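Next up: the structures, one after another.
Look for chain A in each of the two complexes below; its partner is chain B in the first and chain C in the second.
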Partner chain A sequence: MTEHLGRQIPDRLTSPLTRALKSWEALLLVVAVLIFIANSLASPYFLDPWNLSDASFNFTEKAMIAFAVALLIISGEIDLSVGSIIALSSTVMGLAMTAGAGTPVLVLLGLATGLACGAFNGLLVARFGLPSIVVTIGTMSLFRGISYIVLGDGAFTGYPASFGWFGQGYVFWVITVELVIFGFAAIIFGVLLHRTNFGRMVYAIGNNAVAARFSGIRVERVKFTLFLLTGLMSGIAAICLTSRLGSTRPSIAAGFELEVVTIVVLGGVSILGGSGSIIGVVLAAILMGLVTFGLGLMNVPGIVMSIIVGLLLIAVIALPRLWSMARR
Partner chain B sequence: MSILKKALTTAALASALLATTAQAETMRIALVAKALGIGFFEAANKGAQEAAKELGDVEIIYTGPTDTTAEGQIEVINSLIAQKVDAIAVSANDTDALVPTLKKAMDRGITVISWDSGVAPDGRQMQLNPSSSPLIGNMIIKLAADNLPADPPSEVAVLSATTTSTNQNTWIEEMKKVEGNYPNVKVVGTVYGDDLADKSYREAQGLMQTYPDLKAIIAPTSVGIVAAAQAVTDAGKIGQVNVTGLGLPSEMAGHVKSGASKSFAIWNPIDLGYSATMIAYHLAKGDAKAEPGAKIPTGRMGEVTLDDKTEAAMADPFVYDASNIDQFSSIF
Partner chain C sequence: MSILKSREAILALAILLLLALIASRFPGFVTPANLGKVFTDTSPLILLALGQMVVILTKCIDLSVAANLALCGMIAALMDGAGIPLPVILLTVIALGAALGAINGLLVWLLGIPSIVVTLGTMTIYRGSIFLLTDGAWINAHQMSAGFKAFPRTVIAGLPVMAWIAIAVIAGFAVLVNRTALGRAFYAVGGNPHAAVYTGISVGRTQFAAFVIAGALAGLTGYLWVARYAVAYVDIAGGFELDVVAACVIGGIAIAGGSGTVAGCVMGALFLGIIKNALPVVGISPFWQMAISGSAILIAIAFNARANRAPGRIILKRAEHRT
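Presenting the complex of A and B:
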């Protein structure tokens, strides 16, 4: 971990938690493989490429956003408005579609709306120094509220057939377009966080924002960029989800923000900031997808499913603490 | 170590749960609710189980998302497609958003119908409505007429929702079409309570003052009927003015017991789940076709006829009175 340059800031907390966290990704991988094996042993329907491909929709859109939110949380901020950004982006695309816009324009508008929402969040947090949890709880209502004003109890339907490619298309065989976007996003965010100066700054800010500022890091600019990225990824997710549903309603992507945060935290990102990895988030997303799909195949009621996911999350947060207490 | 142990426990738990999946030659029909834990859908499941028992070779998979989102329902439907169920009967959270997923289900040979809350025609083979506007219009005036003397005509008024409520306006229009069939009823006027409890209450009071000989109030709205029953109770006119229309058993139980409302109607979710299962069974079996004009048998409920939008109405709204209100008031 520390065989890099001397000025490097460690991306793991140097506390007794370190050892537990160090093997976090390995543990997630083991759990994912075990669940995969259990599922395929128990259900004759599980090991079917098409079924697994369908199941990937359970996590792809959320995971795209989770990468960006992971960076935000590592830097010590949070964005709870991502589901609402999807709603607003989708609504803007719906309005444009009604006005006769084609697929390229719809995509551009979806991305632009996401960026604009991210910029708004970023401005309030980075420029005016407001706490991000308060700001994004506010914009969570604001963005979705606009969708409700535009749509009421109505819906936009009739997206062009070519627009359906993003959420319903396949690149080859069972590999969906969304899976490819998910893969690319994972690589880009992985490189950004683990292989660039920008990534080091994110860790530095999350560990100690004041020290980071004294080290010459433009903390506000980095935070603003992170909100912008989160908005952009939400815009991409909005395009995928709208395309997959083939319609827009103001209730679209309701509750996404909590599922996104769940994936991030399950992925081993410290909710207090300062540590975490993209590979952990990737594994957590796949793990969540496997668990929900596997339980779904057994027709386990959704209520039981959310209990299991909740327990999983609490266990994940509690384990490192129990671990360090046991070592003391 | 403890982490590994947890992982193993999770896996063991998962396989234990999986092991219960039974495999047989039975037809598997999935009844998908808007969300689990809602009395209405639990009751529909009861009806579906009843139909399954009657048919013999049917297994019902009753499922649904935790909250009423289209995304959650799509995840559920994807896992049903993966299990290669024979039929999916869904009450949709979103008319349009489910269409791509349900189309995929149909492409893979699964029978898809919607019931209660429908799916756009592209995404299903047929839609089962609990009732139809003419049946509802007829039922609400019949309920009033049944509790009135045969002669002379009694004054009856309507308490509706808003002037722009499509449903209520259609039902009242249908009611007026069949008014001639009930010579002992004379509809004297319609007022609008805007589906607000206090405004509906005042409008009901106003009706009793304007028409001192009023014998019944028909309120084809669940808000209006409760408010009207309360107004009648408060005016001490129980037994003099009968309140009827469309309401929810849980909200109306007290007023039925007090006598303010002798009877009212609403769809019966048990019958709805029963009929949806029957229809899904016959369509999946291939002994009925979902096309305009087709007739599909629905067991003890008789049969349904598809209209040109491949929608069908199950039956007359179900009548609730003192004899059955307790059974249903705990359901919805």
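Presenting the complex of A and C:
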């Protein structure tokens, strides 16, 4: 609809520095810094290292998943079942825990369940060619539904103390285990997307899946791998979240899919696929964490925060479009 | 032979089979009186599924319908608390629902934002607004006037008003979708947006109309829901949007747009409604319902995809094999 003919071609490219300064990521960084300053002025408790370390839990688990979902969205697919994968992984770990399994087994089971869920999504989308949005709406019900069947209105509690390390442990001083996992995930996904053949394939598929296939990319296999990665990251997030909460309820991580998609879109990843960067997602995650932490310090209830997240999601996409409409 | 025709027949057969299965152990379930109850209980799902159907026909999706329902229901309850007469309340919730749908529609139409993003956002905004409005308070049965609660339950000719509203809307939709220019436009826009533009149909405006219709129905259902269950709070109908999408998918509404029928949509909703009502009768925990509707979505979509695989794909597949 917004195709315009006779697009103007500039005489020369802008310098890399100008482009970097004008980029979405730079804008995110500026906004994050502004919110950081606003928060530290608004509340005397904000600039405490321990408080900031606590606040990182607001985004670390979601951001881990967001990296994988970002790749998925760049390739033109979506996964709305991530919150439910967490619920199912957590439930499987809870079952194993009641059967007397130790921490290593719990971790393995959490990862395996995540991978299995991802493989299931991937199989339906990549192998059978079903639209990912409906498939993952279906599995969103199915995975969490299984948790409800197992748990009903009950809960698993009493995880071993050593299991608490993932969600409650510190590597040194205020740096939490989750923050380290977040950092590693960011680097791994950043390299994967921006420095490998696989990453180029993801962009190619998102821009034109048919052309990608004709240029020799195994589109289905790449998409399957991306769903697998999303499942794996959801499994890791499930381990962290379960460990942090110390309990499993079937409603665990409800609404995560919304926040994950919001982080990805806020990070400048096009919801239509084909463009986006990991650094943008990292900045968006930190920005979301700062916003929710700041609001929390001001005693804003959770549901009001979710309104703000919803507004943010729409505004982030609407404003650039309004801007380009106004300039035309 | 038309594939579409056979698909509805298969769904009808599946429903009859399901009923027969339940009746074999619990004959009481298939008495006319009980089936009437099941239909009444499924009415909200039917109403929302029909609204969702026209949205999906135009290649969009509306995940905000349940939140819209909850917000309109709460406003209906608040208005009743203020002593406003029922006809005014009814008109207001329909108008408000339509307005909330129009917000979705405008964002999709004028800004070209993908509907899934818009409605994921408005879903939380609408539901959060209930909290802003009430501070999380509940409105219970004793705070509602008798007339407000009685209207959907009033029995006319053996069925409550709620069921009659559903029947009227089904009839209205059958006419709208099959006999009006707008109805054809829904199919045209979803079937081939470019061709629709060349025939003089505005894609965005048609999508906007679909969102307004879906919103208005959600608003109306909001009142019916709150009045029937005689309670209003932030989380009513939480997650109901998934059931609504499930009903459409099971009913054979293609998620890629442009194909689906009113009959299929209604049967999809009834299929879920029968399962939901049968679970406690058969003695299965209601906690199974979520997993069952999830599986139903997956089975239905796999089935639909098999029925209408686009020829373009097959050519590509062949090309792939040759290399």
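The rule we apply is simple: the second predicted complex is superposed on the first by the 300 of 328 C-alpha atoms of A that agree within 3 Å, B and C clash if a C-alpha of one lies under 4 Å from a C-alpha of the other, contacts with A are read in each partner's own complex, and residues count from 1 in each chain.
Going forward, a residue touches a chain if its C-beta (ideal position, glycine included) is under 8 Å from a C-beta of that chain, and two chains touch if they have at least 3 such contacts.
Being a predicted model, the structure only gives us computed values, none of them experimental.
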First, second, both or neither for A:186, with chain B first and chain C second: neither
Partner chain(s) touched by A:143 [first = chain B, second = chain C, both, neither]: second
Touched partner set for A:233, first chain B, second chain C, both or neither: neither
Partner chain(s) touched by A:177 [first = chain B, second = chain C, both, neither]: neither
Which of chain B and chain C A:82 touches, first, second, both or neither: neither
Which superposed partner A:317 touches (first chain B, second chain C, both, neither): second
Touching partner for A:303 - first (chain B), second (chain C), both, neither: both
Contacts of A:263 with chain B and chain C, given as first, second, both or neither: neither
Touching partner for A:134 - first (chain B), second (chain C), both, neither: second
Residues of chain A that lie at the interface with chain B and also at the interface with chain C: 255, 301, 303, 306, 322
Contact footprint of chain C on chain A as seen in their complex: 1-2, 78, 124, 128-131, 133-135, 137-146, 148-149, 151-153, 210, 213-214, 250, 255, 258, 261-262, 265, 271-272, 301, 303-304, 306-307, 309-311, 313-314, 317-318, 321-322, 325
Residues of chain C touching chain A in the complex: 61, 107, 111-114, 116-118, 120-125, 127-129, 131-132, 136, 203-204, 234, 242, 245-246, 249, 255-256, 285, 287-295, 297-298, 301-302, 305, 309, 313, 316, 319-320
Residues of chain A that touch chain B when the two form their complex: 20, 23, 27, 30-31, 34-35, 37-39, 41-46, 48, 51, 54-55, 57-58, 155, 157, 164, 167-168, 241, 244-247, 249, 251-255, 292-303, 305-306, 312, 315, 319, 322-323
Residues on chain B engaged by chain A in the complex (per definition of touch): 2-4, 6-8, 10-12, 14-15, 17-21, 23, 35-37, 61, 63-67, 69-72, 74-76, 78-79, 81-84, 94-97, 99-100, 104, 120
